[in-house]
Amino acid sequence: MAASDKKDEKNGIVNKILGNNLTWSVVALIALIIICTIVDHSFLKLTWNTNTGGLAGPLITMLQESARYLMIATGMTLVISTAGIDLSVGSVMAVAGATSMQLLVGGANVWVAILVALLVGLIIGSINGLLVSVLGLQPFITTLIMMLAGRGVAKVITSGENTDASQIAGGEPLRWMANGFILGIPANFVIALVIVLIVGAVARKTAMGMMIESVGINQEASRMTGIKPRKILFLVYAISGLLASIAGLFATASVMRVDVVKTGQDLEMYAILAVVIGGTSLLGGKFSLAGSALGAVIIAMIRKTIITLGIDSAATPAFFAAVVIIICVMQAPKIHNLSAEMKRKRALKASQKAVAA
Amino acid sequence: MTTATVNAPKTKKAKGGKFDAQMIPTIAAVVIFILMLIMGQVLFGTYFRLGFISSLFIDHAYLIILAVAMTLPILTGGIDLSVGAIVAITAVVGMKMLNGGTPAPLVLVVMLLIGAAFGLLAGVLIEEFNMQPFIATLSTMFLARGIASIISTDSLTMPANNNYSWIGGEGWKIIDNPKISNDLSINLGVIIAVAVVIFGYILLHHTRTGRTIYAIGGSRSSAELMGLPVKRTQYVIYLTSATLAALASIVYTANIGSAKNTVGVGWELDAVASVVIGGTIITGGFGYVLGSVLGALVRSILEPLTTDFGVPAEAVQIVVGIMILVFVVLQRAVTALQKE
Amino acid sequence: ACGGSSSSSSDSSSDGQKTVGFVAVGPEGGFRTANENDIKKAFKDAGFNLVYSPTQNNDQQKQIQAFNKFVNDEVDAIILSSTEDSGWDDSLKKAAEAEIPVFTVDRNVEVKDAEAKKAIVSHIGPSNEWAGEQAAERIAKDFPNGANGFILEGPAGLSVVKDRGTGWNNKVASNIKVLESQSANWSTDEAKTVTAGLLDKYKSQNPQFIFAQNDEMGIGAAQAVDAAGLKGKVKIVTIDGTKAALQAVVDGDLDYVIEYNPIFGKETAQAVKDKLDGKTPEADIQIDSKTFDKAAAKSALDSGERAY
Amino acid sequence: MTEKQPIVVMKGITIEFPGVKALDGVNLRLFPGEVHALMGENGAGKSTMIKALTGVYKIDAGSITVDGKPTQLNGTLDAQNAGIATVYQEVNLCTNLSIGENVMLGHEKRGPLGIDWKKTHAEARKHLAKMGLEYLDPRAPLSSISIAMQQLVAIARAMVIDAKVLILDEPTSSLDANEVEDLFEIMRKVRDSGVAILFVSHFLDQIYEITDRLTILRNGQFIKEVMTKETPRDELIGMMIGKSADELSQIGAKKARREIKPGEKPVVSIKKLGRKGQIEPTDQDVYAGEVVGFAGLLGSGRTELGRLMFGADKPDNGEYYLNGKKVNIDSPYTALKNKIAYSTENRRDEGIIGDLTVRQNMLIALQATRGMFKPIPKKEADEIVDKYMKELNVRPPDPNKLIKNLSGGNQQKVLIARWLAVHPELLILDEPTRGIDIGAKAEIQQKVLELAAQGMGVVFISSELEEVVRLSDAITVLKDHQKIANIVNDDTVSQATIVETIANSGKEA
């Protein structure tokens, strides 16, 4: 009796681990790393690059790239938790990047350029927030419009050029932000991680997280408890805009050049994928920032895998789709309830036999 | 427990008039479309030309079909992001087959089947593996586009005498004026689009499957508890939207006589915009196919208008975005006023 | 259908100004923005009323729509800067019927239909294949004893990508080994990531060159090379010839830039003018492009004449 | 008793949710031509049992036999095809569709061109008429009618299929006396035609009026199957709650009247507060320690007045005084800031936040009044949650369960705890005892009296005149969205008084 209890308990833990979305994300991440290591034996090797003053190696470039996904995925998580969506993050990245580069080229101080770029992101996010919360427009369509218009804004800022600030002196802090190292670890990854932790701490240590979830679960009931759903909605879109502008700085500062068409292109989709892989439902409600962060790293890792495996560029989207489908399918309740389901069926058969007898 | 015997004053009749509120966004779409045409005509004098009207329909037959296709999942609160990519893969396969000498009817069937296969895959992911439609169709979108690029990245042209391009092309001139800009013409693509609209209308309003689509949009759990075949209907929806996307591909490729893996990038968003402009609510439950058709037409004349207004190139996207925004806000205002 | 000349056109050509429709790609930075701005300016200078219609996402459908609209608007001429080289037969047929002359710029289009062919008067633009060939020749010259390297391509499927690739393949030396071709989507930032990845992966095979199909990607690749401490050891060749790229050649970040000359507005305007004046412009107006090594780049920048 | 053949036999049904065994070997037999009641406290497993029979939940053990054939039910569709029609506890209709469509969904009349709407609507009208709803326009949207009416529509829908088994899970909880009578009329007719009816209700009067046979559950366990006629009330209550009936003696408790002293200031006083289309401008005072009952028929505007006093809807007219001071209550937030709380009648849509835990649901209103960035200290939160879990006897007593997994009655208790946690001066309770078992009902009523005794002003809205009369100091009677009387509840007042008031005002108007 006691023994079977213990076994049950053990089963419970195993089931819990299997049922946890994060588990499958970690498994996927490890699987991708293993695949890469098999193809490229030096994949896990880290060397010290005296040229840059940091670690070097495939994993490091992967982390460097993941910084921007971490930013937009974090903002996206909060937005999705309110049962919304922010399709404009890619465009906001372009706008923020364009702003900073154009200012630098125009001779502005680098800190001014950074601050104004962040402010612009915050403003675009706030406009999304206003449209969704005050006018009550549907998030999908509102941010879709902002995605179109945002690209246009980026083009207007640079007059359609791909502004290049790589030759401009004084851009060092910005360059460091994207390319530098802190204790050998990519600075942008460290910064992104710190921001994720701050957002996480604010969300979970104050009531912000619960209120965001509450609005996402049942907006009317939330209103009746004295929460102001409009304020919450405004807040999450504004945060998402701000974080997207940081991502935009990462993306442009890495090469000190904005590309009005390419910067941030399609990244909204990656962000959404990261959030979903991380276990937050697109229907809103409970969110997991840790899950989304892991999702963001997985997205970067998938892209790294594509390069490492030398997958033909034509086949890239198909490979991407395959990995995403596998991860999502593994997360499906049907799969991780498989053993429980089989047990249930067996029990049912037995009891039916008993009844028949 | 009271045993009151007062007759409740049950005379307060629920007004049937309120029901029309759901149609207001669609009606607004009609009105605004006509206003836009009139504005174009007054300012630039070319919008009432038969040639303009003809090419509006011929060039956008594909978008009308996609808008109808997109209406189905959106009515349930879902979405099908894969339609653009399905156009690409079916187009590439179709052109390859035509060039390989496959008879046109067989090519058409294969294209539709490929579309259906992607719809089925989306359905399986959504219904069997609990993936949200957005993610499931995003995956099938990547998959379809990826496979299309693997098959070919060339610009594939149809062979001559292919028994295929007659679907598109110039079609028939109904009114043949001396000037081409005054000709009224129609081609099979437009007729197919009209047929699709009629099909969509009948499906949604005169079949149980259609009503189940609306019910799912209202509340999926209610629909399930009501004993409606929710799962089957979901399959029907994604199969239909993907197959219609293949049909849109047929109409489009027949029109331009060539195809390539990059065709249809962003069309899913054009289709979504059309559906929303047409008054369908993105969260599901309310909307009409006819609205989506009008939405597609409205979406289609945004570009000519920006061109004629001479909007600076960099700002075109902003203006298009703002126009859609104004549209959505107007609809929202009208609906809110009605509710008062 | 008759018509043809603009006497009956209801467009804003009140002062006898000729209207020209420009079916364009849209401002995408680099080559594209320079090219379209130049065309717009040249036509304005030549006294035309240029109506400009960009597309989005390189979507040919939007271009077809714009083209058909110009036919219906009865413009005097159409300039077509197509995203795709096929699929124009029907539209060109309409233009032919309406007797509107069409000028293709940048990319030539393939036409099957004889009727449709008549609509096209001239093609004006530089050659992508030529540019690709130049890149192969430069690498062959740099490494007579052979070398390993990568190619950074644009998005799979664009005809520019194919043409530049074809040019490269035509002239590439047998001892030049391409370890891998990857798409970096025309993007600087992506090129940096991709290149960093490739350098990691093929470290053992000592990559010595990178052929980037445009300047943006080349600049990104240069940064990755720099970060890997390989500056100067890996030679990067790019196509387009933007100022930033020339500067990079001067700085030694890039080895060689092949111009894909976007400045042919004048030539285009002249061709249109000739046609409308009843003359017959040349069918194929080749625009010459230059190549820049360090010295040429320096003098080009110093001259201050480069417009983009 | 002649032993008829049961049409449905459920044997040894076990259903486990993560962490709870909701049903443990429960048996149920349904006989044609009988009304069978499933009895038990909140959370006993009644709804779960029903969902097992209709294929919503998969059973973990046991067997289901319909018409003598062992049946595997893999979904509601299967159940429907097996001739089982169901009205679930929570209204499950589609508010985006018309009334008629909701009745006919899946059973629309078809002609050669697909659905024939004329016929379908005519058919819908027929079924609505059976429920006494002939005055409803089947083309009107479902959202235009109240929840209670929607419940009737749901029942009309269940009658559309030629069912062998009709299941009604608490259909009467939001109906008033007339509608209940109408419903019973129909149930008798259906029963007499040989259909087996499964009925759930927490009103013992109703049980004894309409049912023939009872199955009693407690804590997911099968207790007994008995004939209604042979089971006295006391015994039934005893079987349901496992205590003797005496322990529920407080049920009859009547409030000691609170006299309003001359010159005393009300806590809340509204003057000509109204909102177009919802409620005519109304005056109302509530004194500290006073219980004001709102009485009226379905749709009379009780809820609307309550919502207006809470700022859930913005008034477009009138003034609001709090302790003599004029205030502007235009949102639930300002109301809560001013210590006015409102517990909704629409628990599912406006009450619970399903995917949050019981604990979070209890604390969220208090948190909202404090502001997002001032989290309630853990210790304080623990104390509050602990206190109310015990005081209101929430089951299961685990505050970390998701509230959506609690039974209806327990959800209600959590919501009441939510409002008590903000220590309101005025608490508006809209149908707080709806769908609640007799034990819990007594507890809640008791709580209301306690709160009033502690000096809280309470507005008590209920469709059960009995409890309004018993608990209130004053009764406000509403009709047609208008306050028609203010009755001081002294010993002369009875349910009949209220009913008369309503009827007479009708004649004058």
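We just call them A, B, C and D in the order they show up, numbering each chain from 1.
Just so we're on the same page, contacts are C-beta pairs under 8 Å (C-beta built on N, C-alpha and C of every residue); 3 or more make two chains touch, one makes a residue touch a chain.
Since the model is a prediction, treat every value here as computed from it, not as a measurement.
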Using C-alpha centres only, name the chain that sits farthest from subunit A.
D
Looking only at C-beta pairs in contact, point me to the busier pair out of A-B and A-D.
A-B
Where subunit A and subunit B are represented by their mean Cα positions, the distance between them in whole Å:
30
Whole-Å distance, C-alpha centre of subunit C to that of subunit D, is 71
List the centre-to-centre spacing of subunit B and subunit D in whole Å, with centres computed as mean CA coordinates.
43
Which residues of subunit C are in contact with two or more other chains?
27, 155-157
Shared interface positions of subunit D, touching two or more other chains
none
Multi-partner residues of subunit B (each touching 2 or more other chains):
149, 153, 261, 313-314, 316-317
Chain pairs satisfying touch are A-B, A-C, A-D, B-C, B-D
If you look only at subunit B, which of its residues touch subunit C in the complex?
44-46, 49, 51-52, 55, 59-60, 62, 149, 153-157, 160, 168-170, 177-181, 183, 252, 255-263, 265-267, 300, 303-304, 307-308, 310, 313-314, 316-317
For subunit A, which residues are in contact with subunit D within the complex?
205-208, 210-211, 213-214, 217-218, 220-228, 285-286, 344, 347-348, 351-352, 354-356
For subunit B, which residues count as touching subunit D in their complex?
1-16, 18-19, 22, 202, 205-208, 211-212, 214-215, 217-219, 221-229, 285-286
Using the touch definition up top, name the residues of subunit C that touch subunit A in the complex.
27-30, 33, 37, 153, 155-157, 180-183, 185-190, 192-194, 196-198, 200-201, 203-204, 216, 219-220, 223, 226-229, 244, 247
In the complex, subunit C residues that touch subunit B
1-3, 10-11, 24, 26-27, 36, 51-54, 56-62, 64-66, 68-69, 71-74, 84-90, 93-94, 97-98, 110, 112, 155-159, 161-162
